[in-house]
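The structure under discussion is supplied below as structure tokens; questions concerning it will follow.
Chain nomenclature is as follows: A, B, C, D, E, F, G and H, assigned in order of appearance, with residue numbering initiated at 1 for each chain independently.
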Amino acid sequence: MDLDDLLDDFREGEITKEELKREINLLEISELGDYAKLDTGRKRRAGTPEAILGEGKSPEEFSDIMIDMASNKGVGIGTRVSKDQLLELKNKNEDFELNWYEKASIVELRSEEYRSNRRIGKIGVISAGTADIEVAEEARVTAKLMGAETKRSYDVGVAGIHRLFPELKKQIDDGVEVLIVAAGRDGSLPPVVAGIVEVPVIGVPTSTGYGLGGNGRGALFSMLQSCSLLSVVNIDAGFTAGAFAAKILKSM
Amino acid sequence: MDLDDLLDDFREGEITKEELKREINLLEISELGDYAKLDTGRKRRAGTPEAILGEGKSPEEFSDIMIDMASNKGVGIGTRVSKDQLLELKNKNEDFELNWYEKASIVELRSEEYRSNRRIGKIGVISAGTADIEVAEEARVTAKLMGAETKRSYDVGVAGIHRLFPELKKQIDDGVEVLIVAAGRDGSLPPVVAGIVEVPVIGVPTSTGYGLGGNGRGALFSMLQSCSLLSVVNIDAGFTAGAFAAKILKSM
Amino acid sequence: MDLDDLLDDFREGEITKEELKREINLLEISELGDYAKLDTGRKRRAGTPEAILGEGKSPEEFSDIMIDMASNKGVGIGTRVSKDQLLELKNKNEDFELNWYEKASIVELRSEEYRSNRRIGKIGVISAGTADIEVAEEARVTAKLMGAETKRSYDVGVAGIHRLFPELKKQIDDGVEVLIVAAGRDGSLPPVVAGIVEVPVIGVPTSTGYGLGGNGRGALFSMLQSCSLLSVVNIDAGFTAGAFAAKILKSM
Amino acid sequence: MDLDDLLDDFREGEITKEELKREINLLEISELGDYAKLDTGRKRRAGTPEAILGEGKSPEEFSDIMIDMASNKGVGIGTRVSKDQLLELKNKNEDFELNWYEKASIVELRSEEYRSNRRIGKIGVISAGTADIEVAEEARVTAKLMGAETKRSYDVGVAGIHRLFPELKKQIDDGVEVLIVAAGRDGSLPPVVAGIVEVPVIGVPTSTGYGLGGNGRGALFSMLQSCSLLSVVNIDAGFTAGAFAAKILKSM
Amino acid sequence: MDLDDLLDDFREGEITKEELKREINLLEISELGDYAKLDTGRKRRAGTPEAILGEGKSPEEFSDIMIDMASNKGVGIGTRVSKDQLLELKNKNEDFELNWYEKASIVELRSEEYRSNRRIGKIGVISAGTADIEVAEEARVTAKLMGAETKRSYDVGVAGIHRLFPELKKQIDDGVEVLIVAAGRDGSLPPVVAGIVEVPVIGVPTSTGYGLGGNGRGALFSMLQSCSLLSVVNIDAGFTAGAFAAKILKSM
Amino acid sequence: MDLDDLLDDFREGEITKEELKREINLLEISELGDYAKLDTGRKRRAGTPEAILGEGKSPEEFSDIMIDMASNKGVGIGTRVSKDQLLELKNKNEDFELNWYEKASIVELRSEEYRSNRRIGKIGVISAGTADIEVAEEARVTAKLMGAETKRSYDVGVAGIHRLFPELKKQIDDGVEVLIVAAGRDGSLPPVVAGIVEVPVIGVPTSTGYGLGGNGRGALFSMLQSCSLLSVVNIDAGFTAGAFAAKILKSM
Amino acid sequence: MDLDDLLDDFREGEITKEELKREINLLEISELGDYAKLDTGRKRRAGTPEAILGEGKSPEEFSDIMIDMASNKGVGIGTRVSKDQLLELKNKNEDFELNWYEKASIVELRSEEYRSNRRIGKIGVISAGTADIEVAEEARVTAKLMGAETKRSYDVGVAGIHRLFPELKKQIDDGVEVLIVAAGRDGSLPPVVAGIVEVPVIGVPTSTGYGLGGNGRGALFSMLQSCSLLSVVNIDAGFTAGAFAAKILKSM
Amino acid sequence: MDLDDLLDDFREGEITKEELKREINLLEISELGDYAKLDTGRKRRAGTPEAILGEGKSPEEFSDIMIDMASNKGVGIGTRVSKDQLLELKNKNEDFELNWYEKASIVELRSEEYRSNRRIGKIGVISAGTADIEVAEEARVTAKLMGAETKRSYDVGVAGIHRLFPELKKQIDDGVEVLIVAAGRDGSLPPVVAGIVEVPVIGVPTSTGYGLGGNGRGALFSMLQSCSLLSVVNIDAGFTAGAFAAKILKSM
């Protein structure tokens, strides 16, 4: 029995106020799902799309979820997508625009009606070494798909710090409002960058490096310990960094 | 020999262009300090004050650095300040306004000329348990000292999740633009909050809990692994969280 | 020489009481095996079947042990069974009923005489994400094979907490007496659930998530640190969770 | 404006059904607190009291919270209570019955009206060494305060396994329905016990032992890896073990 | 120039005493190799053969080292030998007796002249589960090849402790002088055994178990923390355990 | 009712053989304690005395347990004994001979009737640095109290390996049958020694060293990884090493 | 606009001194790259070539970077190069001399004009076991390619310490100025060597060994804890060790 | 009997060549101590003094060892010396020059005859923050006491990287041949410095920072992972860094 009927019954005196109130309480819990999203109308329209992690899914499974998502939400974003998953998706997909970002291993499936997000601001993405580019690109493309303009400066690690300064200057001159800095191994780049610029810097450790502190642990520890102001996401969490950066822009 | 003189010499033909260029290159490195801060004029004026960590310093040492900082920068902020350090600072300080935030263990020393920052926006701070309040307050007071309005909701952990929803609603209704969520032990609160609200959420693990995953490790791991969108700072890093949140507001 | 003969010898005066006593002492140790199981008759009848872990065994080895178990105990339960192991078992098995639970990767081999356990009560199984379903199903099917009715609520993680409440309500309305909650990554679901319901909650971390706290470590730490009342099993230990939950019902 | 008034207004036609429905939705979120506790009436009456962790609180702070709790809930339970905290509480307390359990370092404050829980069943508590007794007692007293009868068998570790069997037999003969087994260092006792008895066994690692695997890590790892059926709580988490065991009895 | 010549030269007055002494000093360092082995003659004859670890070597490499060893030392022992390595060795070997121990994955290559070691005593080997047998066999065969009689008791873990006692009794009745106990997962068997028998017990953790404390970590920690008297070798170090046990017998 | 009476009843026909057998089974479990110690008579006489760990006990508690132990077993051994515990014990003790080993922090309390163990053989104890001496002495005195002759060589670490060789030679010349080698920090001494001598070597890591691998972790890891033949006990476990070495001698 | 033009403009009065100074400041940051390398001329000529890590790159990618490097810098050094990468490079390379060091898995590509470095001194490389040779060779070949003479002593671990002394003597007699010592498992060799020789010793842990402390962790910890004077590089970091050793020679 | 006598006996025919040779072999081992130090004469004269770690020693113990060392070696160096240890040493010392380096907590005791080392070169010491100064000073004073000139640049961390460049330039201009860089928390400074200068850089992590990666772990991991060329010593190992740097200079 739904709320409409209950209210009609109440108005017509078929149930008492006490009975109605008890019913409303019961409804609340089971229907919380419809109302629990706490935000203003403006934010909801620009909501964060969910990502489908390709890793660990069969091509069929992955494609089905992607198409499902695009059908229901207007857009589906797949991350860490393999060649096989991409092929299968291309075969299965009939109705949606498919955009493939190779270096980021991200695929987007979007319906015609899905309005491109309004431009929400500009995000810079910097990476230390060539091995960090895939994660950096995952962050950058994610931010882009969420409506941000993006600017990249790759391969500017601290081992050759002279390459960093002109790139940083370009980023700032270009007006980026948030910087994502991806670095593996020693993870020194984000603390260095955050010590120079005034915009918020989000550090993304990447799973590079072998031996002790390898697989991104040294980089993550270094960022958590940073003497300059950083916030951090988990190792290889490019999607989180990109989406968080976009969220910053949107929430302003 | 400084640049002015060199340029004069050059204009007057006393040194050649080649000589001048060589000198400029030499100057660059030793004088980089004056120019390396890359930001626009508007940002610099609202720059992030450095914090003086009280922990591990003698009362004398702490007080001296604080007064020094206030003299040079117009404001000094001390974190994790002990009673002894506070007393000593009160005794030594003659020239500055001293503000003590007891629950946050933060002390501020500011000169008269130090203009209060313009209001930069509103930040909400939520904490899971009573044991998390000190870190939450460190974050909140830091943000406040950097010019943000703040709103607190403490003791609303997931063990009694019904207490969380009305508090979250109040925060959102009140217009907070960034949320800082401090939690120790299981660290479940930030992932839960970030799954509900649309504003950016910064998770701060606190060093509570004993046994495996204690001292904030479980909380930090949980936040790094969060299925909903979070960025994270280190365990007990309330100052970092507060200053980062303020930086987000300022950079917009 | 066995006890019967010794007693006869003693009654007939062929051995002294001292000799008999010494012999009894010696027997005790070597025959403890027959008596050491400490429980009342009622419990023994409903005893916990042992599981055969498929992982790491060749198809032949696995099948032989399964058939052996079914022959001796009336029932054999195989967990983490691969397709190859299942095929080989199907080929080799002639005498027993074979039940395959695909999502749980569990196979049961039971003899005709093996009386279905009496219904022992109802267990609810909740999982946070799709990646947790295999472990959740391992728990659920295990409980079911041990005689419990089971009810599942999958894909209700805290990132979208509004989906959780109606599911929890259904579980409680349905009368579940124990809840098993499987979650990986941040592992926030079990603490949240245990903060809401009054029935005992068993947390099962799953080996999902990458980076720091990945492979279920973050989830396990979070559950061990839970502010609400939880008991925990190891990462991916679905069988243990299911069998433990069934044991709770049986022991009452 | 509250629901009563809204319903009156609606019945009297002062607001439309649509207006009422929108208001109800708004109310839901802020009032969820009152309804979110999902359980049947029978369970709620026997609800789990919250524990006040003495550790890390000043005697004043601790006493205030205890008296507060007793005033509001009818009963307050303090764990890991120091001598100073106990003294202060004795001084401050005027209105409640104070029960002190020295070996468990637990204090209970209860009002006259707080009806003793009905007997809910029997719980056995076993500990390996003398160093484990405090944690074992914390578990036992907790269970007792929640209405369980308890039976203890202490100092029966596997280094002298012959002492274990008669104690186990007594426990089973006595009719315990759940066993809590506390052990530090090698943590072998819970796996051994769980391999012998049929009732559910909850393992509690204690923070004993030095060197590698010390402070309870070896014991916890061993219990998580147990070949026999165990569920586990965190190191030294006697309160959790005791309350979880009592919850099992109550939920039946 | 060697010592003989130097001494001749000295006796014949061709070099002075000082010159001879200086030369002797120089010789000492470079010739230490011949004399550094500190032991009595009896021990040396029964010396510990070195093992060739098969793991990580190509079949060719492995076979060459084995044949080399057998040629030089009279015997070669290969551990963790794969099928391919065995085949290649069988093909290449012409001169030596080849003994293959399948369950232990050990191969022995011995020359005719290599006198079988005298019997040095008896070693018992116990393992907890079927997954521990390979490591247990590596230990047992190693001890056997070094001259010990061995007695095995496999699959007698603490989950069914009643199976343990009669096996232990047989071992002791049989006169074993050292016990090797292999166990993975919770590693409870060695502490239990060492609490019962009086002969020295060597614990060997095996790399079984998943989740926290998996891969033998829980077992190793448990053995290092054992309340009863144990010495320990590293995870899966069956060869070390077997050779150490044999060394005990030999040194007596 | 005890076994004697049962046997009398049986012989006199008052109970049947079946009844007697059932009773014997029941007795077995509750009386296992008296018979479970599996060893030959010779061993039992030379059994391993239990140690009372002083650490963490009050002087009173410690003294009472020591005197109790000496009264019941004829001898009590206390390890890691503080000055206060020693004083208290000296005050309380009236009946036993008290032997204090200061460098080992071990105290022995023995009755007159407690026959000194027969000499069981000779054990050498070597330590790397001065910081390792306390643990080395704990091992040496333990072995001595269990009947071994002991020989010490301290402060002969690998940083000055030339000091090691003559000491090793003396040990071997002196006829030691087992060597205990205590080392902290890099823990290189036991692998080096075990590569030189033929007698069994037991490595004892000590909790020296700071930074990564500090507190004995580096030493323990190094010993577990040793290329030469070692068995190992936990960090600082001098008592275990000494008692294990003595057990080796006794079991021969 | 570049500096030359600016200076001309300034000299010709087209811009003021203030304008020129502002422009110089701006240039500094973007042009820092050209001047930031701080060293004297002599050092720059003998600069450290960058290594291209083969691991994780496709043969095409690897070859392209190598050729690029050789074209721009005169020399390219690839480490951890696979057979496939070598083949592809051989196919693609037309212009450069290709030198392949098989045991070190290093390939060098050098232009004709690239003058062989002057001899800079002599470096010794010692390894403990056969499993350490690849890392040792990576270090040795790296040092050699940077201009050092090298001398190797392999397979001289502490398990047979008598093999070490004559090799060390040869190294010292040969005049090595720096020693690189590679060792896995227990990592005892570098502390032993550094205790004997007076030249600086660089320890390189190798990723050998299984179980606890395996994969080089035990070796690294041991070297960090060394009682004798060592500096250390990460596990398997042969290139770093070799290049660092060469840098020592060059900087003198 | 010593070698001289043996040689005399041999020359005089009182012992045979065989007898002499056997005696020489025996002597070798016990006298190795005198000859094992493998180095050229020049090095030995400038040998590395051993440091006495004050930490963990009583003032008496510390003073005795210091005076002993100074008596035997001509110089004694104490590190991590407390005020109490210094006082006691001042009281006890009568014969030696005592030099106290307060910031480094190092004390030197030297005899008149102990010739000051010749100047061996220049070492630069850089530290990131004020909390790193003690460790930096321990390194610097150590190097100085071993004969190096030293130059310090403190408080130049990457959070304000503009302060770093002029300091680096001064160091290089000043002719330092080795750089020691001490940094805690994120440990980014050594990788940055090593990417800029050409002289060898030794990284010293300091035990600063809290939370994950605290106590120097983040810094150490970062340095081990450094993309630019570093060698590393353990956390807080200032003495090792200083002595190693001096060794580099001396060995050239």
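In the analysis below, contacts are C-beta pairs under 8 Å (C-beta built on N, C-alpha and C of every residue); 3 or more make two chains touch, one makes a residue touch a chain.
Composition by chain, UniProt nomenclature: A, B, C, D, E, F, G, H = NCAIR mutase, PurE-like.
The model shown is predicted, which means the values in this text are computed figures rather than measured ones.
Colleague: Chains touching chain E and chain G alike, please list them.
Modeller: Output, common partners of chain E and chain G: F, H.
Colleague: Both chain A and chain E are touched by which chains?
Modeller: Chains in contact with chain A as well as chain E: C, D, G, H.
Colleague: Thinking of A-G, which of E-G, C-F or A-D forms a repeat of its interface, with over half the contact pairs identical?
Modeller: The same interface as A-G is formed by E-G.
Colleague: Relative to chain A, which chain's C-alpha centre is the most remote?
Modeller: F
Colleague: Taking shared residue numbers divided by all residue numbers at the interface, is the value for chain C and chain F over half (same) or under half (different)?
Modeller: same
Colleague: If you average the CA atoms of chain D and of chain E, how many Å lie between those two points?
Modeller: 50
Colleague: Quick check: how many Å separate the C-alpha centres of chain E and chain F?
Modeller: That pair's centroid distance is 25 Å.
Colleague: Taking each chain's centre as the mean position of its Cα atoms, how many Å separate chain F from chain H?
Modeller: Taking the average C-alpha coordinate of chain F and of chain H, the gap between them is 39 Å.
Colleague: Measuring centre to centre with CA averages, how many angstrom lie between chain B and chain E?
Modeller: Comparing mean C-alpha positions, chain E is 59 Å from chain B.
Colleague: Could you list the positions in chain D whose residues touch two or more of the other chains?
Modeller: 29, 31-32, 35-38, 161, 165, 169, 196, 211-214, 217, 220, 224-225, 234, 237
Colleague: By the touch definition up top, name every chain pair that qualifies.
Modeller: Touching chain pairs, listed by label, come out as A-B, A-C, A-D, A-G, A-H, B-C, B-D, B-G, B-H, C-D, C-E, C-F, D-E, D-F, E-F, E-G, E-H, F-G, F-H, G-H.
Colleague: Would you pull the chain B residues touching chain D in the complex into a rising list?
Modeller: Residues in contact with chain D: 131, 161-163, 165-166, 169-170, 210-214.
Colleague: What does chain B use to touch chain G in their complex?
Modeller: For this pair, the touching residues of chain B are 3-4, 7-8, 10-11, 17, 20-21, 24-25, 28-29, 31-32, 34-36, 38.
Colleague: In their complex, what parts of chain A are in touch with chain C?
Modeller: Chain A residues touching chain C: 29-37, 56, 205, 207, 216-217, 220, 234-237.
Colleague: Can you tell me which positions in chain G touch chain H when the two form their complex?
Modeller: Those residues of chain G that touch chain H are 36-40, 43-44, 47-48, 165, 168-169, 172, 177-178, 196-200, 202, 224-225, 229-234, 237, 240-241, 243-244, 247-252.
Colleague: Under the stated contact criterion, what part of chain F meets chain G in this complex?
Modeller: 128-129, 157-161, 184-188, 191-192, 194-196, 209, 211-214, 217-228
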